[in-house]
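A, B, C and D are the chain letters, set down in written order, and residue numbers restart from 1 in every chain.
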Amino acid sequence: MTDSPSENTPEGFAADFAAEIGAERWTADNDTVHVYVTRDKWVAAATAARDEAGLGFFSFLSAVDWAKEVAVGEPADDVDNLVERYEVLCRLSSATEASAIILATSLDKDDAWLDSLTSVYAGAAWHERETAEMFGIEFRGHPNLIHLYLPDSFEGHPLRKSFALGAREVKPWPGTVDVEELPSTTNVEAAALSGDDTAQSAPEGEGS
Amino acid sequence: MIAFAVPFALWLTAKLLVALGLMLGVVLVVIWMELKWSAHIQSRVGPWYVGGRWGWAHPLAEALKFLQKEDLVPDDADDKVFRLAPYVMLAGTIATFVVIPIGPSVVARDLDIGIFYLLAVSSLSTLGVLMAGWSSGNKYSLIGGIRAGAQLIAYELPLVLALVAVAVQAGTLSLTGIVAAQATPLFHIGSTGISLPFVLSGQIIGFVVFIIASLAELNRTPFDLPMAESELTMGYVTEYSGLRFSMFFLGEYAGMVSMAAVVSTVYLGGYWLPGLSNDLLDWLGPFVLVGKIFFIVFLFIWFRWTWPRIREDQLQQLAWKWLIPLTLFNIVATATLKVVF
Amino acid sequence: MPIPGIGLAKGLWLTLKALFRKPVTVMWPDEKEELAPRARGVIALSTDNCTSCMLCARECPDWCIYIEAHKVEIPTDKPGGRVRTRNELDRFDIDYGLCMYCGICVEVCPFDALYWSPAHEYGEYKIADLLHDKEKLVEWLGTVPEPPALEK
Amino acid sequence: MTQLDGRGIVEVSDGGVSVELKGETMTLNIGPQHPSTHGVLRLVAEVDGERIAKLEPAIGYMHRGKEKLAEVRTYAQITALINRIDWVSGFANEVAFIRAVEQLMGVEPAPRAQMIRLILTELTRISNHLVFASSYPLELGAFTPLMWAFREREHIMDVIESATGGRFHPNFNRVGGVKPAAGGGKTQKKVSLDLPAGFYAAVENAMDRAELACDELDDLVTGNEMIQMRAKGVGIISYDDVIAYGISGPNARASGVPTDLRKLETGLLPYEGIDFDVITRENGDAFDRYLVRILEIRESIKIVRQAIGSVPDGPLQAKVPRVLKVPPGSIYVRAENPKGEMGYYIVSQGGRIPYRVKIRSASFSNISILSKVAVGQLIPDLVATMGSLDFVLGDVDR
């Protein structure tokens, strides 16, 4: 499909492109186009995006860690039928027009590797190094897959949902404190109040 | 014999002390001037609180600050060379004051090969810089030192050739002779003899080249590559602190004053002003010379706070492809003019 | 092609003119700039408005507000009336060493207890002194300016 | 142009003589504490004499983990976090994030707030470019432009402070518009944070001062032959490298890529009613990157002057629930940050806190090309190239 997409709305563009590279499915809500591809078509899809669809500009590459129980922040929406996976996203856009797609693929957690895009996009090198060290995904074919941000001695992958935030373990949350009861009455409702309404999942602190 | 020796030795030390005192005083004033003028150029105020009005005691305060700072020697520094470097550089700069005439009869030592001595001594500071760069045991200082070495050698040549043209025109090498040559009337209008300093009588090219070369000699912008703040942090001075750093700092400003003194003596007529008799000049001479020094120093400061610095290969090309041919042409022109008139 | 040295000369002329212009520095301890009324310099607390509802402490992203309060009975005028209680502030500290001046606490306070004031001269030698206690915060109330008139 | 193959053999081509100077290279650490690395960037350079054989940037000294922090903060708290990524252009960072949340929630921002956002973004762009245009000559050795440009920039800072309360981090954006009132209580809610009296006059004066700063910079720096000697033909980035490495903003436009998100992303801020043109230069060297930013200051001045005249009346913020819950969904919105394309990929799972926020910052990709451009350059050229890329380490390391 070399000509410009039939009607250049995001949906039209996504439909043609997904059909052309044989993607699993595509969505275009909030006019952000996601094209889901299986792992083996990853490099082929990227090359097709660059050559046929004219999306030469490498915007970013990152991942989302979908996990059932979450050490940080609020859990996902419908937790029970959530498939545990790493979703790698790579946004490719055109430098001069507004057309762009987010290429996405899902990797299950214990076999998280992917082919590197550095052969297709020179700019992918740093993005892949960052995603590798933050999520623990291995990018095969990457020239030097070493730590980008974190010191070499750093273990663990910070952006995984299972990685707790150190700062919040050390310092008790000042928000758990509540108004101290009158010495005479033991107010059940006040005690309950200080117990449950944690806007953030901070550890339970006893009201001092 | 001894009777003669003692007063001579005393007289010589007295003269040296006076010269040193004058030079140090002028250097402190020049430091203050650079702080004040650069501030006003950048719409800042500059030294203000130190020493009451106008912050006149700012340079003194800085000197005291450096004195009480600990001057440490890095471990992998080449110890003796590291400690000696600032003094070699300072010696090279201060020694030039011996020859500069402050008044008709007031000069520390009137050598008849004045200019030759001047150049020999001023290239001594190149040695000091290289010693500092090498011995600091720090990669940035090494790069700074080598840059300084290449730059100072490349700009020694135009300096020498410019002074050769002056010697040709003045017919003598001694500085007092040169000032006297500038004082003799060149031509007469009616009864009064008009005499012009060398810069107006044919040495304008030499003057411009000399100013550019002395800027490079002093490592000042646009040639401050050895101490390029944004590339080599502080170049060959990075590892120095305390008293040794203040020696380098003093050396830089003393160098500025000495170069300004040489320029004003050789091109602007030194202590001489038209219309002043000789004995009057004995007293007013130093002030005239210092006035001219301040003008030249203003030029240096003005250039520093306006222009960026150039890369060292451009700097070398400027020296070899432009300044040296210019000075050679200048010598030939002066010689032919000398013969014709 | 412009004359080769013209750029350099124009630069010199500009700096020479600048040399004789008046510098713009405000000599801080002696002369003071007048502050923008909406400037966020320090947070002032009015203890009588504060009902220690803990909203500001919970909403603060830097966790830098520490509050302690206890309930106090209000004496009823007619005998046998319902005993009503009021919250009495014991401690209300803001740690300006952590605060990033985002203003979420002032915005979220439902009882107008926190105000912005442009005062900014409260530097300390020890970082622990940046923890302003209740009295200090009430002191800052004096420096809260009138809100500026609006563009018509 | 001299070029250099891996084994440290220098081919001195301009001299016409091919001399095999076999010398080992010296590893030189430029940074992380170095005057010209704009923060804590460390360049591990293999240096042969002063010519760079190989260069590997080591980043991460400024990594604050913004994306992890965003996963434990509500949307209001994230706006305070986000304008500290590229701290030189504080306000401009928030625009893309706030617009993304508004589109996720389907909230139409108040038109008056949109125009105020546009004015403040352009003021931030001018102040960011003024910081660049005056600190770049400082890298090359000229001290004075810095002071003059900062003196004029103070007027812009005062205007932003008078309207929003903060200079660098105004924190003035709210979902659905701009901060409507000083506080939540009864009396503070009546204190409207609309534009203060004399705001338009102050902006007009600030724009004249900015124009004065541009003229002074033109005379002192752009026309200066030495700056041209140091910056022309140095650090050339080709058209395809710009696209392959994802370089955006003025750095891309200086290499001829006409990408300006203010024209492409029309939904973001009301740029349609304002006519301004996209500045591009062809040869993509350090001098062109400098020139593009100076001309962009003049464009932004034109934009602000037109924008002041057309600020619609109306409320400052659209109707938004007090406790913000964003419906589930994921969206990517990008804006023209003064340094390049600044985008946020937000995955929301319907709570007060986003599930994941990916921050696409401009300088991260902009300096990933350093190791390619720096090979064969002298150290002063490397400093000139790095300075011209106008990056800030907060933007690189997030």
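Simple rule for what comes next: contacts are C-beta pairs under 8 Å (C-beta built on N, C-alpha and C of every residue); 3 or more make two chains touch, one makes a residue touch a chain.
Source: prediction; values computed, not measured.
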item	value
Chain at maximum distance from subunit C, centres defined as averaged CA atoms	B
Central chain of the complex, centres being mean CA coordinates	D
Between A-D and B-D, the pair with more C-beta contacts	A-D
Whole-Å gap between the CA centroids of subunit B and subunit D	45
Centre distance in Å when subunit A and subunit D are each reduced to the mean of their C-alpha atoms	24
Centroid distance [mean C-alpha coordinates] between subunit C and subunit A, Å	37
Centre-of-Cα separation between subunit C and subunit B, whole angstrom	54
Touching two or more other chains - residues of subunit D	74, 144, 148, 151, 220, 224, 226
Residues of subunit B touching at least two other chains	41-44, 305-307
Junction residues of subunit A, two or more chains touched	199
Category of the chain touch graph - line, ring, star, complete, other	other
Interchain contacts (touch definition) - all pairs	A-C, A-D, B-C, B-D, C-D
Touch list for subunit D against partner subunit B, complex	26, 28, 34-36, 50, 137-144, 146-148, 151, 220, 224, 226-227, 229-230, 378-381, 383
Subunit A to subunit D touching residues, read off their complex	29-30, 32, 34, 56-60, 62, 64-65, 72-77, 89, 91, 95-98, 102, 121-123, 125-126, 147-151, 158-159, 163, 165, 168, 199-201
Residue numbers on subunit C that touch subunit D, as the complex places them	2, 4-8, 10-11, 14-15, 18, 24, 36-40, 49, 59, 61, 100-104, 106-116, 147-152
Subunit D residues touching subunit C - in the complex, by the definition given at the top	73-74, 76-77, 80-81, 84, 144, 148, 151, 158, 161-166, 169, 171, 179, 182-188, 191-200, 216, 219-220, 223-226, 228
Residues of subunit B that touch subunit C when the two form their complex	37, 39-45, 48, 302-303, 305-307
